[in-house]
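In what comes next, chain A is part of two complexes: it sits with chain B in the first one and with chain C in the second one.
Let's look at the complex of A and B:
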């Protein structure tokens, strides 16, 4: 008889909450709410965060076309500003519609833009992107980036991430210096890039690729750094000839550094150039150091590692991995270094955790471990993972380890036999 | 902040408190309810002045630890929407920004008389839920994992209560809880069909058929929706056919005359004044589609913008003319076969297109008129072919009428 109309539970919630709910839905579901009821018809059109990925079209043969249509229609129906636009898909290749989308976004106060297209032809960034004045966050993958000569920089840009982007080095440098608020910079997969980085507010730096010459000229606030240097023979040659000290160029002006991670050939890169012993820089905030693929057969690299850790009085965690391609030879050169030239009187007062991976058991590695054990009074754990190729030398390593003096009574040495446990 | 407190006229022993070097502590001490419990409904001034000696002694900057302990035991008076007044532990209640604001900026909550009244959306049961949330989260030192597992269990409730909780948390400006409930609601909505969502939230199904059907709005390729579209389109075509046949029976002669006139008027650039006949419009559309491959690509693109939104399979944004004409040929086929089982989901909703599209189409019509004038003989031929296909009865009548 008299049916009590159940009251609408949700449509009367405040707009901000409904928007927040719609933002948490995948874009497809958000758009579909438009046929729920009259109140919901255009609710989704004022969303300021639009995230498109491979899930927003169902898996059909003509997916690329569907996706283009979907995005274009969604943009066309949208009202109001768009603050966040993420497009991350492997289905879509470069197509003319993308230029139109960026043009539309540049007129909609876009703040966060992420563009990741498929692996096909690289997309050329249209000039309207450089008109997005309010951009705070930019991430580009696989594209050609060519700023017009009148472009001065994004004044509000906080985070820049260029991954496999074709761009002239001067353009990157001027882009970086033209973004005064830049806090986070990530450059990956660049070929032979030489950069001077001027970024007074930069806090986080992530570099990955073949860099010939990096100089952190003005990055006083840098807090965390992660660098992976790929080196080929040309670059190595070019380094032989240079005399400037890479260590200084890289780590000379980062007094606030808290976390340093160096992958692939980073230590080798740092070891190039003559280090003027007079300048001793203290990294009083440096707490975590990770150095991967350190060659313990190269004295210069060992010195770099020692220099780093002895100049970091507040170091808490150290992770080092060796070069697994090293063939453990029975004899070793320069072993006197450890007894004579090794830095004396350096105590790692805060060092608690040490993780060594890919250890081949070469004499210098063992001496390094000995050095650490003797000078770390508060050490809690030292975990050692031998290199997978070294089977015979393990017993030898253990024998030596057991003998080393330990400054910390509570130190645990954990020798991991399981090959799958990898530090990096 | 202090100015506000003073102006409230809560006078009394306030001066002592302000001497404290820690402003926030002072404010909190001010509301220290030694004057709770037993005091009852005395006047404002009395309430504060009745602060006992013990409390005054505690308010010394040095005795911070004691202060904290004291704060832990203090309560805030809160009045729920049903009129009941209750005490809530201070640290729990202060977790809600709105309550915090009331206490600090307006000095309320110190006594039964001056209880903070909750906003409309916060009912008693909701408030107790929120207090449970605050009670858990304000305790420091819990791990993220513990918080997360609590949250997960916390939001397990029926949808009605979840919506009420969201609204209540929003009124109290408790952002973490709003985020939590929004997430939970989003999870409920995600992946469900519109009918299911309407069922869950009791949403009225008040959109008209056309509004639902407009492919422009359903910007997804969900096969279920496409099937629905197709079925609806079929039904509508059926309806139209029946209407057409009825009116054909009713006014055949009329139609015969008009057929030629219709063409003329269309060609001369006037919008087809339909006499309730959809056929003229259909013809117009069909004509346009056929003509499109003759005109410049730009014009076609504009037109196709209008129509491709109606036809799922029209290529959008393609510049090559060959593919255009290809599409057109397919459309031709669809048009000519008037049986509803068209291969294409040619949703023939020409009557219900958006106003914007309509304007665009009007413009196109004028443009086409000009072009058509140059191609007159061909048009006539085409038109007559179309005419002849409109139902057997019509044909028969034509023949009957033919001199």
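Let's look at the complex of A and C:
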């Protein structure tokens, strides 16, 4: 290469082609194309997608200043609308320059904004962010904000992700309900929050944190949700005092749900309050249920699991894990539940895959497995992974499993032993 | 001067593929003749030719046309590689498999020289083959990433029309974007 005769096939192509190449380059390389030739001098400056990350600068003592300088210069040289601005860097924390950038972006029709700054001092979101009226996608990490009183919502916002945010509970609720088109919401919040979600177009919900109460007030279109609930003393107290039924508050108005994943204390949370047996809700779209860290020592949690699966006629896949921390007691109360109160004539007509993890072999667990096997005529696989602390009980689990009747002749049972642990 | 695009020596040297070709023509679809800027005629299966939006609209405007379609902006060498790409793509149309498609795309790109890639871009643009443009643009971006200005110029065959004083000044103004470029 480097022949003088090489024809230039690229420089005169339409801007859309060159833009598509430049957008695929790290911004630093895109900026450097200014020096290629006069035709390229301002090519990059009209890019509508700007992504800044740690690769913009090299790691060195004054890296923070380099980063600030880089972004400020790039924004000053830029011309025209900026639709997407991503900043993910471990080098920057809260600093006044970021406020300036956001002010600049709020005047350039920004649609997609992602801000992820380094650990350390939390970033305080400047109020001009709330003037970005055309936002469709907003993602913030480790920050605190307080919408100005004049803020009426983001009318076009479809996706909102707030990771470890510090906001007044009322502000979060009004922010969510102020985004009428919102389809996807991810929120992680670690400060005892009671949350009512009002989002008529919401399809995807991901919650993580310390919640005292969650009420899905108006989310009729919800398709998938994943919830991880942590416990603290406040929450434990709230749980004790609560009288209303959490199951109904959470799952009472989501008829289109297809996928549900609950982590940590989620099942416990759902088990609180008295479930009005009269109102059976059917989840006819629910295909995948995942419930982790379910306590099989707690009848109320077992009832939650059973209520969910027996009311989901199209369930295809079920994943459940037990509480690996609990030392299993061989004796269990209420064992007669399985012969008396347990739903009798239910069949899981679609259930093909069951995955059970962290099983300790306590009687209620075994009864649950027995119940699934006898009622799942099309089951293909049931895999069982015992809890790592349970060594002696494994054989006993297997002996019981072998005896269970199976409705599906082709069901394969896979008992997974962690080999590294067994050897020792 | 007509030539069989894929293998001009087909009839004289290779016997086995020729039977394959024969059965293919016997059962299969209409062929379309496409003439490149350097006057080579490519006989291409209709399904492949319809991947080229430009050719497709030619036939939509003149459905009964049986003539050879001229492609005045398309030289034969990159065109034969574009045809190779589109033949692969068609397989995934009938049987979509994203992972396999990605694999096949990256195989396609891997064995091409820098020059091949750069020559194909205007062709893919002229024929409006969006998938190929995406693949090429990504491949080109991957190859010029973190490279010096001189490298990128010669990669694309760009004439530097700046005087050395102008270039020095520009480099100074953009010094903030010039740390740690890879050696050529």
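The criterion applied here is as follows: the second predicted complex is superposed on the first by the 412 of 424 C-alpha atoms of A that agree within 3 Å, B and C clash if a C-alpha of one lies under 4 Å from a C-alpha of the other, contacts with A are read in each partner's own complex, and residues count from 1 in each chain.
Everything that follows uses one rule, which is that a contact is a pair of C-beta atoms (placed from the backbone, for glycine too) under 8 Å apart; a residue touches a chain by one contact, two chains touch by 3 or more.
Predicted model, so just to flag it, every value in this text is computed and none were measured.
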Practice task
Sticking to the clash and touch definitions up top, decide whether chain B and chain C on chain A clash or fit.
Solution key: clash
Exercise for the section: State whether A:14 touches chain B only (first), chain C only (second), both chains, or neither. Expected result: both
Problem - Touched partner set for A:24, first chain B, second chain C, both or neither - result: both
Exercise for the section: Pick one for A:68: touches chain B only (first), chain C only (second), both, or neither. Expected result: first
Exercise for the section: Tell me which partner A:36 touches in the superposition: chain B (first), chain C (second), both or neither. Expected result: both
Practice task
Have a look at 75-83, 255-263 or 309-317 and say which bit of chain B overlaps chain C after the superposition.
Solution key: 75-83
Practice task
Mind sorting out which residues of chain A both chain B and chain C touch, each in its own complex?
Solution key: 6-11, 13-14, 17, 20-22, 24-26, 28-29, 31-41, 57-58, 66, 69-70, 73
Handout entry: Contact footprint of chain A on chain C as seen in their complex
Key = 114-115, 118-119, 121-122, 125, 133-134, 137-138, 140-142, 144-147, 149, 152-162, 167, 170-171, 174, 176-181
Problem - Complex interface listing, chain A residues touching chain C - result: 1-2, 6-11, 13-14, 17, 20-22, 24-26, 28-29, 31-41, 57-58, 66, 69-70, 73
Handout entry: Complex contacts: residues of chain B adjacent to chain A
Key = 159-160, 163, 166-167, 170, 178-179, 182-183, 185-186, 189-191, 194, 197-198, 201-207, 211-212, 216-223, 309, 315-317
Completion exercise
In the complex, the residues of chain A that touch chain B are 5-11, 13-14, 16-17, 20-22, 24-26, 28-29, 31-41, 56-58, 60, 65-66, 68-70, 72-74, 77, 96-97
